[in-house]
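Down below is the structure, laid out as structure tokens.
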Amino acid sequence: MSARTIRIVSLSEMTHGQEGDLFALMSSKEELTTREGKPYFRVGFRDAGREVVFPVWGDSPWAEECRRSWTPGVFYKLRAVYRDTSYGPQLEVRKIREASDADRCDGFDPLMCLAQTRFDREAMFDELLGIARHKIPGEPLSRLVQSILARYRAELLDCPAARRHHHAFVGGLLEHTLSVTRNCVFLAERYADYYPDMRPPLDVGMVVAGAILHDIGKLREIGGGLAEIAYTPEGELLGHLLLGRDMLREAAAETPVDAETLLRLEHVIIAHQRLAEWGSPKPPMTPEALIVHYADDLDAKYHMVYTALKEDNNPGPLTSNKNILRQRFFRGGG
Amino acid sequence: MSARTIRIVSLSEMTHGQEGDLFALMSSKEELTTREGKPYFRVGFRDAGREVVFPVWGDSPWAEECRRSWTPGVFYKLRAVYRDTSYGPQLEVRKIREASDADRCDGFDPLMCLAQTRFDREAMFDELLGIARHKIPGEPLSRLVQSILARYRAELLDCPAARRHHHAFVGGLLEHTLSVTRNCVFLAERYADYYPDMRPPLDVGMVVAGAILHDIGKLREIGGGLAEIAYTPEGELLGHLLLGRDMLREAAAETPVDAETLLRLEHVIIAHQRLAEWGSPKPPMTPEALIVHYADDLDAKYHMVYTALKEDNNPGPLTSNKNILRQRFFRGGG
Amino acid sequence: MSARTIRIVSLSEMTHGQEGDLFALMSSKEELTTREGKPYFRVGFRDAGREVVFPVWGDSPWAEECRRSWTPGVFYKLRAVYRDTSYGPQLEVRKIREASDADRCDGFDPLMCLAQTRFDREAMFDELLGIARHKIPGEPLSRLVQSILARYRAELLDCPAARRHHHAFVGGLLEHTLSVTRNCVFLAERYADYYPDMRPPLDVGMVVAGAILHDIGKLREIGGGLAEIAYTPEGELLGHLLLGRDMLREAAAETPVDAETLLRLEHVIIAHQRLAEWGSPKPPMTPEALIVHYADDLDAKYHMVYTALKEDNNPGPLTSNKNILRQRFFRGGG
Amino acid sequence: MSARTIRIVSLSEMTHGQEGDLFALMSSKEELTTREGKPYFRVGFRDAGREVVFPVWGDSPWAEECRRSWTPGVFYKLRAVYRDTSYGPQLEVRKIREASDADRCDGFDPLMCLAQTRFDREAMFDELLGIARHKIPGEPLSRLVQSILARYRAELLDCPAARRHHHAFVGGLLEHTLSVTRNCVFLAERYADYYPDMRPPLDVGMVVAGAILHDIGKLREIGGGLAEIAYTPEGELLGHLLLGRDMLREAAAETPVDAETLLRLEHVIIAHQRLAEWGSPKPPMTPEALIVHYADDLDAKYHMVYTALKEDNNPGPLTSNKNILRQRFFRGGG
Amino acid sequence: MSARTIRIVSLSEMTHGQEGDLFALMSSKEELTTREGKPYFRVGFRDAGREVVFPVWGDSPWAEECRRSWTPGVFYKLRAVYRDTSYGPQLEVRKIREASDADRCDGFDPLMCLAQTRFDREAMFDELLGIARHKIPGEPLSRLVQSILARYRAELLDCPAARRHHHAFVGGLLEHTLSVTRNCVFLAERYADYYPDMRPPLDVGMVVAGAILHDIGKLREIGGGLAEIAYTPEGELLGHLLLGRDMLREAAAETPVDAETLLRLEHVIIAHQRLAEWGSPKPPMTPEALIVHYADDLDAKYHMVYTALKEDNNPGPLTSNKNILRQRFFRGGG
Amino acid sequence: MSARTIRIVSLSEMTHGQEGDLFALMSSKEELTTREGKPYFRVGFRDAGREVVFPVWGDSPWAEECRRSWTPGVFYKLRAVYRDTSYGPQLEVRKIREASDADRCDGFDPLMCLAQTRFDREAMFDELLGIARHKIPGEPLSRLVQSILARYRAELLDCPAARRHHHAFVGGLLEHTLSVTRNCVFLAERYADYYPDMRPPLDVGMVVAGAILHDIGKLREIGGGLAEIAYTPEGELLGHLLLGRDMLREAAAETPVDAETLLRLEHVIIAHQRLAEWGSPKPPMTPEALIVHYADDLDAKYHMVYTALKEDNNPGPLTSNKNILRQRFFRGGG
């Protein structure tokens, strides 16, 4: 069999019986025993559009290698036959080895194996930067926010918004941040206009800056590289609210704003979850913090409802309550 | 002193020592005793911009008439001298009688004695009607909402949004409803655009209709006429969520929409408070209900923060926690 | 073997090794895989007294038909051998087809396949109607309640009281309603007698009417036919309290009572769960609503305790906490 | 004026301007200062039907004696003039001394100065004893309950059911206990009849015994004599549930029942409040405990609603929420 | 093979392939079916240091005997081969019979089959008795506590502190009690010294007595013998707080202390859980009760954290949240 | 009268009728009106042992000066006559002016006007420093803690532990910190000894360091100078947990420890309140944080009980529930 006949294919596009070379991320590996006590492994491989989970029995030729060296979170090049079976999609592995940088010339890109935002990440980043530039009237505050965006550009392009709750995919944090920021631009301008006599007046730039930075601490809370979302020790022991405030203060040491502006912005970050049981040590105590909280909470909850509707396969007009919100949703009579 | 020299004045514009004829609403009347046991009355009179509360001692010439016939919620014509004293503004009453329709030719208008919205009520109503006409794509639903607005136009122009919590003034319900609706137009269009693949897709018209109608039941919950905000028996025993749903169903009997649309809209109304302890028998189970909840909750809370900042006179950078949210707010050092 | 030798038998009376023809409701069907990945089905069939759950392996002659067409909630005629095995009762299916109206002459009756009340349903209905006639002193209110009972007679004879929580069987709603009503007749008469000076006096007829109607909305909340209890969309989105109030108001449009009586009765219905987290938008605000709440809550909880004691098979004097109340009960050493 | 002309009168029957000799309980005495700093006393005297609260100014002839020796909780004989004034009923004291046993021949009876049950206390006790005799089928249990009633007869005739919450008057505990017991006789017989197959069957005698004894611990929790309700140290530190169980166990040491019966009855007593936050260390774990809980809770709450309606003087169809349940009640327009 | 060659071995010291005679407690027995429907048993045997769980298949020579007579909670003598397999440690049973007192001469001791405290139980008891003797200044109270310790010595040496939550092993109650008591000796002496002017002064002896007796009721709450921890009926229906108070009162009837001392000590026992939802009918109302609560709560929680860290096998710096506290703990990278 | 005859006296030692010169802090000033509407001021002056509150009537010679310039939080020198009156202690002011540094030669010391710790503050500080030196085994951590103590020595000597809750007096923070640290030294050593096999082992130095630093953020949370306890804007908007962590990190930038040690110590600080509703964004996730939490909570609560017992003047064996814990305490009959 010549190399010619084996094409590089994408896992998510393979059809029943097709053999191909493909790049995939090992997404899971569990050691199990049958009820009779025979040990075997259940392993998962995925690309951006499909995940395949299948058993490696003790008498498989891969059994020993699977046990010894296959590692979740690592990218592999496989030659395999894909089959749709009555117990789900399966791969019959013919060859397998770790993918390497050299494979990039064959088209390997780790991102192609990961769930990611539907939107162009660079364009989203540029839009966010544009908002920081044009919608934050105060020059020092605008410069401070821009400097933070510039400093963390690379991480922002990749980071998910959460491990599980919402926007749990590459670029998810950026997508969520941009969406919250758009809400905030609208709401801040509307309420500044609505209550012109509020004293002190609503600080539109503070709302926008708070929206952009409210979840920035997730860059330090979530670690583990692209392939595996995990919380860092400081993420677990301190939480992203405190870590985001640290990042703001570090940046402000170099790009200063006046003390009260900095304090108000720190408060927006640590108060944006609003309730103590959601991790905010203080509730929103400024109108700016209040708006950021609502804009953020709506965006996160809406994504959860969207996902609940999408992933549910309950028959009838209502979803099951097996979703992140533990609640049924009405889909209707379609 | 001839009647010529006494001008009709507005209570809120009177200056120390000025005598004038004025129209005012009796806003309160309490029977008290001094610590020594001498009975007296503390009475209040107000117009849209000022409230004056003063004692009527037992030896006052008005003592008997005050006890017998002065009634809170009634409009009076007074001739009185206004004084700023060290214990607040006071009126020295010279003459007093109930105001009547005949006084309208002297410029009496009950509304001038009541706190009311800063905005032009007819213009707000027209804007709301315009939104119902142009931002609800489905013809039957749009017509239904327009018919409800038309039917309750007069009440909507007057009704406050609450007795105490927020927007507690003439036209307050209309002002709040318009503000929530503007939020919803923006948010519904944004999220419909953001998640084009949601199934079923977000129904923008349903969000807008829900925003317009979410508090409509307050027209039946709050009674008592312009001069006095009180809850009706059905308001107390059933609440505005159920009453608003009734009003929707009555209108739909004449201007029908399909059954599922009606059901979804009823749900938006009864779920808009979200939590059981706030009176919603069901949480939001559709994306439309979720958006209306957030838009409403933010608008109400923002008004409370605005009011807390405005009415607080605590010295220093923080307000006291003596406000509707029982929480301190940061005013800052400005 | 001639057809003569096969008797129509009842599933719940079959003995080990017996072959027979029987009518049964398919109560469940799950697609599973063995750990080795072999797909199979686990199916359940039941009559009023017994449920049998057994596997249909991939190599069974019924495998294909089971996958393609057997449907939970449908009634079947089976010829089968019944066996008590160490892993529970099993059926070895010989023949199977859907039951039809023609089978009624062979004694098929859907009700015989369903769990149902121990009591005569018509007699219970008549007793309830008698109470409505004799224990509601006010003529208009008595007529209104009677008209509602008459209108919904057929549904009331069948409907369960809940999908899971209590009285989850045919006629369960009627049985529960009658029991609550009996409690209420006693309690209302006792407390009216106990506090003759209460102002306004306790309205005994209102308590009785409220008892009869408190759960009437379940007729619209629970749908899905006899064989399968499911909540309707309006049941999920609005809940039976609001739907029951609708049914009352619809009836009152034709059999009127005075406005305050209607409002008080609506309140009894929507307040009978008492707590917001149980779905009541208002707590009981009249003595009548209070009595109905207690009578209802006790009856429901007592049924749960009864069921917990009955279904538990924990050894020793205490039940496990695997019951609807998540609590252990004391059975004692008897 | 000769002593002849001064009749012994009852405080609650005195009319404006009448002078008389009367017996009264001093119900309160507070030392206050006017805003100007002048010290005075506000004292209260009451009989069963009326309480009069009035100031004793510093320049009163009684000022010194009031300060030095008048004591709340003590009974006095007064000669006084009664006046209805615009700041409530007042007494102008002419003579005052402590009442003594010698006054009994003039008709003095401490009970006539105290709020007490509307019902004949001896008759209630006899009815309760009759229920213990006839409605508890098990001979040993019936004898045990009768022995407890006999032992505590005197205290039961006097004790209130609570300091504030409900039935807070002489004989209140007996009245409440009898009412709960009547509820329980009915409910126990009904549910025993309704679920004849429950295992173990409902123990009607246990429900009745539990009803009679559920609050017996209040005899040790509430102390302070007739004139003043106060909690004893053991009442505060242990609570009436534990104290009532002690009383039961002490009696059972002399009038024994079998161990399981005693344990079940102890459980009814300590579980009758149901919720931990109301003081029950265990929730009801037997059907008997469940019934006693509901019968008790309804009776207590009903009394609170009755009192709320009776003491409220809010105008309009609803009471205020200034009552023990912190909730508004609907009185209606009737 | 002669009996000589088979040594009595300890289960926890057996090595792969070793055959030996051993004593073990049957710790569990479950009847299961394979997915294919074949019934089998999963049984567990344990000694103090190791538990082995293995299947007994239907075709095993022990199948019938296992089904019929093997009983959890019973001690057995086995001859078996021990194997470490890829699905955990296994026993291949050659012979099996119940252990008897006669086996004690071969070294059988039930305690060697049970998890137990790491500490010398008699030494702990002696230390506790020494504290009762030397650290409780008041002679009567000291004697009372000593008498209780003496009376329950045997049970205290064996009883676990809980079925599951903490110190769930032989001698666990004693270990926990001693640890709490040591904390209390320190804290009571420190705070007595710190606040010499408190009135009444802190009663150090009361704190120490309370620490020693706070959980004594577990001796009546937990039953079932050494081999199986189970709650007694009185444990379930009344709880160890009330039972411990009973034990104190019984002892005080013979070794009296003054009434207030007894009452205060009863209060320490019933209030030591502090919160109603944890079972305390009253919160700590004396400084002594407060100290005992904190000393106890810390000791129990610390044991839970210790166990969570010990039993967790999550990779990385954090434990999973699968522990009694449902929370992750930080282990760190050390 | 010559200056000779007027001695400098201490307010708390003045006797009825005595005239003297004294230094006092103005502790309060309220503008009130009598019921008749006459405005007056109620002012308070205090030294460390006594507070005197008295009216300044509108016709007093000090009325104008009081209104215009007397300021709470400022120290004054007064010449005044002290009187015990029936409405509390009073001062009749003869002369008054602000105290100045020049008065120090007459013995003026601001601290003599303030409530302060009973203990020698320098000695407490030295003890704390000694513990940091000797009880933190790790050299870098010990040096870090010492450096923080040295840096904030002056503030620590003065700062109260809270505005109201506990240790609300000069040196209160130091006293509380030392007490918690002593508890922690004992507990950490005990539990390290008790569980030698815990992995990782308990870090005694971390517990001690955490105890010393747990409340250090209060130095930035509480501001306003000696004379008036007020929260700073950063105290309100961020809270002392976050501010204390900042102070630790700033110090660690100059006196470094390894990263994990720093992270663990930050966690002890931000987790020491344990519950989200008390302001901790994370619960204790290390055994060290757990111990610090308990040691702190006990010390704070004990102080509250001590204060409740001390300040209560309820007659009888129980205090009222008018204290910071809203709970009655048992004082007993001793």
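Letters A, B, C, D, E and F name the chains as they come in the text, with residue numbers starting at 1 for each one.
Convention: a residue touches a chain if its C-beta (ideal position, glycine included) is under 8 Å from a C-beta of that chain, and two chains touch if they have at least 3 such contacts.
Here the structure is a predicted model, which is why all the values come from computation and not from measurement.
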Enumerate, in label order, the chains that touch chain B and chain D alike. C, F
Are the interface residues of chain E and chain F largely the same numbers on each copy, more than half shared, or largely different? same
Two candidates, C-D and B-C; the one with more touching C-beta pairs is C-D
Which whole number of Å gives the spacing of the CA centres of chain A and chain F? 46
Counting only Cα atoms for the centres, state how far chain A is from chain E in Å. 45
In whole angstrom, what separates the CA-based centres of chain A and chain D? 64
Junction residues of chain A - those touching two or more other chains: 35, 233, 236-237, 260, 264, 267, 285, 318, 328, 330, 332-333
Output every touching chain pair, sorted by label. A-B, A-C, A-E, A-F, B-C, B-D, B-F, C-D, C-E, D-E, D-F, E-F
Show which residues of chain E lie in contact with chain A when the two form their complex. 32, 34-35, 55, 85-87, 316-318, 328, 330, 332-333
Residue ranges of chain D in contact with chain E within the complex: 233-234, 236-239, 241-242, 245, 260, 263-264, 266-267, 270-271, 275-282, 285-286
In the complex, chain D residues that touch chain F: 33, 35-39, 230-231, 233, 236-237
For the complex, give me every residue of chain E touching chain F. 179, 182-183, 186-187, 190-191, 194-195, 197-200, 260, 264, 267, 283, 285-287, 290-291, 294, 297-298, 301-302, 305-306, 309-310, 318, 327-334
